[in-house]
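What follows is a set of notes on a single structure, which appears directly below.
The chains carry the letters A, B, C and D, assigned in the order they are written, with residues numbered from 1 in each.
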Amino acid sequence: MSAISLKGIFPPIPTPFINGEVAHEQLTENIQKWCKTGISGIVVFGSNGEYPYLSVEEKLKTIDTAVKAVDGSLPIIVGSGCESTKGSIELTNQCAALGASAALMVTPFYYKGGMTSDAMNHHFTNVAGQSKIPVILYNVTKFTGINLSAKLVGELSSHQNIIGIKDSSGNVSQLGEYLNAADKNFEVMVGTAGALFGALALGCSGGVLAAANVAPEICVEIYKLVQTADFKTAQKLQRRILSLNTALTATYGVPGLKAALDMLGYFGGEPRLPLLPLAEKECREIKQILIDADLL
Amino acid sequence: MSAISLKGIFPPIPTPFINGEVAHEQLTENIQKWCKTGISGIVVFGSNGEYPYLSVEEKLKTIDTAVKAVDGSLPIIVGSGCESTKGSIELTNQCAALGASAALMVTPFYYKGGMTSDAMNHHFTNVAGQSKIPVILYNVTKFTGINLSAKLVGELSSHQNIIGIKDSSGNVSQLGEYLNAADKNFEVMVGTAGALFGALALGCSGGVLAAANVAPEICVEIYKLVQTADFKTAQKLQRRILSLNTALTATYGVPGLKAALDMLGYFGGEPRLPLLPLAEKECREIKQILIDADLL
Amino acid sequence: MSAISLKGIFPPIPTPFINGEVAHEQLTENIQKWCKTGISGIVVFGSNGEYPYLSVEEKLKTIDTAVKAVDGSLPIIVGSGCESTKGSIELTNQCAALGASAALMVTPFYYKGGMTSDAMNHHFTNVAGQSKIPVILYNVTKFTGINLSAKLVGELSSHQNIIGIKDSSGNVSQLGEYLNAADKNFEVMVGTAGALFGALALGCSGGVLAAANVAPEICVEIYKLVQTADFKTAQKLQRRILSLNTALTATYGVPGLKAALDMLGYFGGEPRLPLLPLAEKECREIKQILIDADLL
Amino acid sequence: MSAISLKGIFPPIPTPFINGEVAHEQLTENIQKWCKTGISGIVVFGSNGEYPYLSVEEKLKTIDTAVKAVDGSLPIIVGSGCESTKGSIELTNQCAALGASAALMVTPFYYKGGMTSDAMNHHFTNVAGQSKIPVILYNVTKFTGINLSAKLVGELSSHQNIIGIKDSSGNVSQLGEYLNAADKNFEVMVGTAGALFGALALGCSGGVLAAANVAPEICVEIYKLVQTADFKTAQKLQRRILSLNTALTATYGVPGLKAALDMLGYFGGEPRLPLLPLAEKECREIKQILIDADLL
């Protein structure tokens, strides 16, 4: 198993579409741009990747493109979690065969009542046991309605093929409890840019951040400033990206992220239906937010 | 387009597994038993069908089995809703080609913030416009976190290929508002047995009920009693199945439903992982509930 | 202890204010009008009574006015539940001394985590044991975030001074489970007009309904139609008041109720701050809803 | 208007009871102990003060005791927010007359639907305009179900008598957005110890923390370490108090806090009913947590 470090900043990239089909060329160009920003790796099929909207075939072809685009320079982490244990294992190993370095494994969530700690433990242990690449737990309560407890994360952290967690709750207290509960080599990544500085100061290893698509250099800079203990500048940068982060996540989501990318020289494009593209008025708000954050 | 009536009782059947694979023979036998209970049709891949756990190929093969099992005697309604508009249309028409009579179309829900009335309207109109079989809206807030407003349902009800809604909220007030807002030929089905009598008394056309798997005759009887205005007996039967319904839905979900079927001479079997089968103690509770409801 | 029947319709009346002070004369006139509509009693300080906005002194003076206004013709039920057990007992017995016939006892709810079944059982048993008038449990999840289980209601129903429950969940399945779990003489009242017909058909004894302030005759008529088993007409009336009920509860709340009363010849007036009166546009919507329901 | 600084650590103290009555002597002794720990002031009737369980008379007498106990050495902040605007103003000014230095003003929340931004703006502006002491907004979503937006906080921050906010959401991103939106002199206090370090690093002025009752010295130390930019030690202390904080808030609440105080030489005692004291097993867990945090 090849080692992968979870230190630093990882953008969970959107999947570009043209006329409703994955735009592989544009994806390649985007990835090549991000590769020059100081990031530590790329996450394909995080929630910003519209993964629930792609077929298995589309997912595999997209991973193939991404792996070729980084060309060994950076690791590709793939969001290959499915609702079923069986499906999660199959998709993960197909992606591993294509060159993905690690799997981001979302908590199953449709049958909320059935997703007990016991069921979760069973699921993640099974997946990790059969996955050919390391597994990163993915806790994203706002989409799933499920929250992984520090106790369970502590237990799972002792599995040799479960190397970390991405937590998008924005709750630094929970991030700290994960750190306290987990084994030494297990790494905790913050999943929302609004808590980046606070999370890093607490000991998290890095971030998987929607905002890192749009402002990768600022996110990388915050990471470095915490390493060098320049907290005053880190505070300033953190507060500069707050509104940006809220717009890209809580307010406008994936369509907002794509609109911002279009303004910044990346290819954003339209989301897949049923997600609608932003209205013109909303695009103007995004533009203003980018201007306010000195990105435009 | 063949007409399908939404009057009466429709069990949303579970998908049986043996060693983690769909058990087609057992499915056929189960369906043949249900066909003799007075029900009006069968729903494959409602939430009780563990549909998020099956691949597209498995879904199609299962629909094929179900269509052959009813052998024209009853309609098969298929839960073919996916997160994406494109995926929903494709799967629906594949199922139509196999002989499904109508499509139960769950609200997309992963990107909750993006699922505005506008996006929903667009999605259902697109799907219905391209679907070769009639579409039934599916509102199941407890799993999706999304609720269809009476206003939107009223608008969608005028589409000639959207013939009804299944609402599992258990909120009779909302069922009544759907009825008030909708076009004449649009039918409203209650999606939880606990509200069956109240919903039928209010004018709903029928029910798609987890409890109808286990107690189809009682559900059909309640339906008939409301038709013949024997409300006193209906009340008695309704109150008899309440605890049963709670156990099969809120408390134990699909694993509970499967355990109950095993006790009643159907094939239930184990759910697919990550859902865990019931513990022995829980099975004993299910048994007691079946005894209390005079089903065992 | 004087017996009080919970059969029939009980409006939970609003508290009228003029210049921010309780308007006792207008309250008396309102009550005298309601007394002529066929209702079975009046609830003062249900949620529509803005009870959290009144001081203890104001509450006592208001109860005194209400008791005098009915002049023995109808019972006054008082919402005298407080967050603390001690406060609930004191206020209840002060109201009893002024002539209130029963106490509507809301679940305490500020410390949600502490309001276990055990704590609730203790609380209601203590209050009922020391109250000089019968106690009616009050379950109003949308305001409190707390829900009383059927199991707990079943246990409390055996207390001789706990005579019933008002449940505003709108969940007929839960109403039925309360009926199944409770002692024979314990009565279950539905707390939202949208579920009135369904609840009565299931065996509930009556309703405490915001809509009964505005349309008492229709609510009373639905009650009578269920008694005489005329379900067809009941269905029609029930569906006629649905939008009205939604407007008075979910959409506009107490300010909407007061605006509607002003249009119907009662004294509504303004709510107490921080509740704001309706804007003009909202008043026009209320008016249209009253017209649509043939009340104007 | 006397100036009050919101810099540093403020314990929101519990109200001690003996036989269900406020224990003034024990309260005085507790306060005198806390005064020696380096804290910046004391909050009486925060959520940990069981304020919803006290009558107005009890509240006033308790404030009087607290003001006398600090004897001018530290400011007393009083939680004098009520559901009504009128009640909030009256209670605040009564407390001001007794010597309270500022008022912590919880968002009204019973009528959630009515608590629009407009209503909130009106409420807080009215209260602040008539209050004789400075007002601090209090956002405590877990108890109220209401969240103050950064936009509204920004608007209210320009009122000369609204000097800050206590936010208990634990969401550092929101704390940062408050800081970004607010006027220069407006101070943002974090309301949960789990986010203390992250909040201070971001620019918050201090904390009002349940954990500061039990571990005031550690909280004060974290505050000082951030002032002197010793982030490494701050991180260590922050992670040391995380489990303690979770136990005192999410898991055991006020009864847990009181049990811990009893173990640490303060007077904790029993909560008021309906809150139940901890069971023995739970006390043992609290004890272990205190031992793990090196407090016992």
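Keep in mind that, in the parts below, contacts are C-beta pairs under 8 Å (C-beta built on N, C-alpha and C of every residue); 3 or more make two chains touch, one makes a residue touch a chain.
In this text the structure is predicted, and so the values were computed from the model without any measurement.
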Minimal step count in the chain contact network, chain A to chain C | 2
Two copies, chain C and chain D, superposed on Cα atoms differ by a rotation in degrees, nearest 5, of 180
If you average the CA atoms of chain A and of chain B, how far apart do the two points sit, in angstrom?
-> 35
At what distance in angstrom does the C-alpha mean of chain D lie from that of chain B?
-> 49
Hunt down the residues of chain C that sit against at least two other chains at once, touch-wise.
-> none
Residue ranges of chain D touching chain A (in the complex, touch as defined) | 170-174, 176-177, 179-180, 192, 194-195, 197-199, 201-203, 229, 231-232, 234-235, 238-239, 242-243, 245-246
Can you list the residues on chain D that touch chain C in the complex?
-> 20, 47, 52-56, 83-87, 108, 110-116, 118-120, 122-123, 126, 142-143, 145, 250-251, 253-255, 271-276
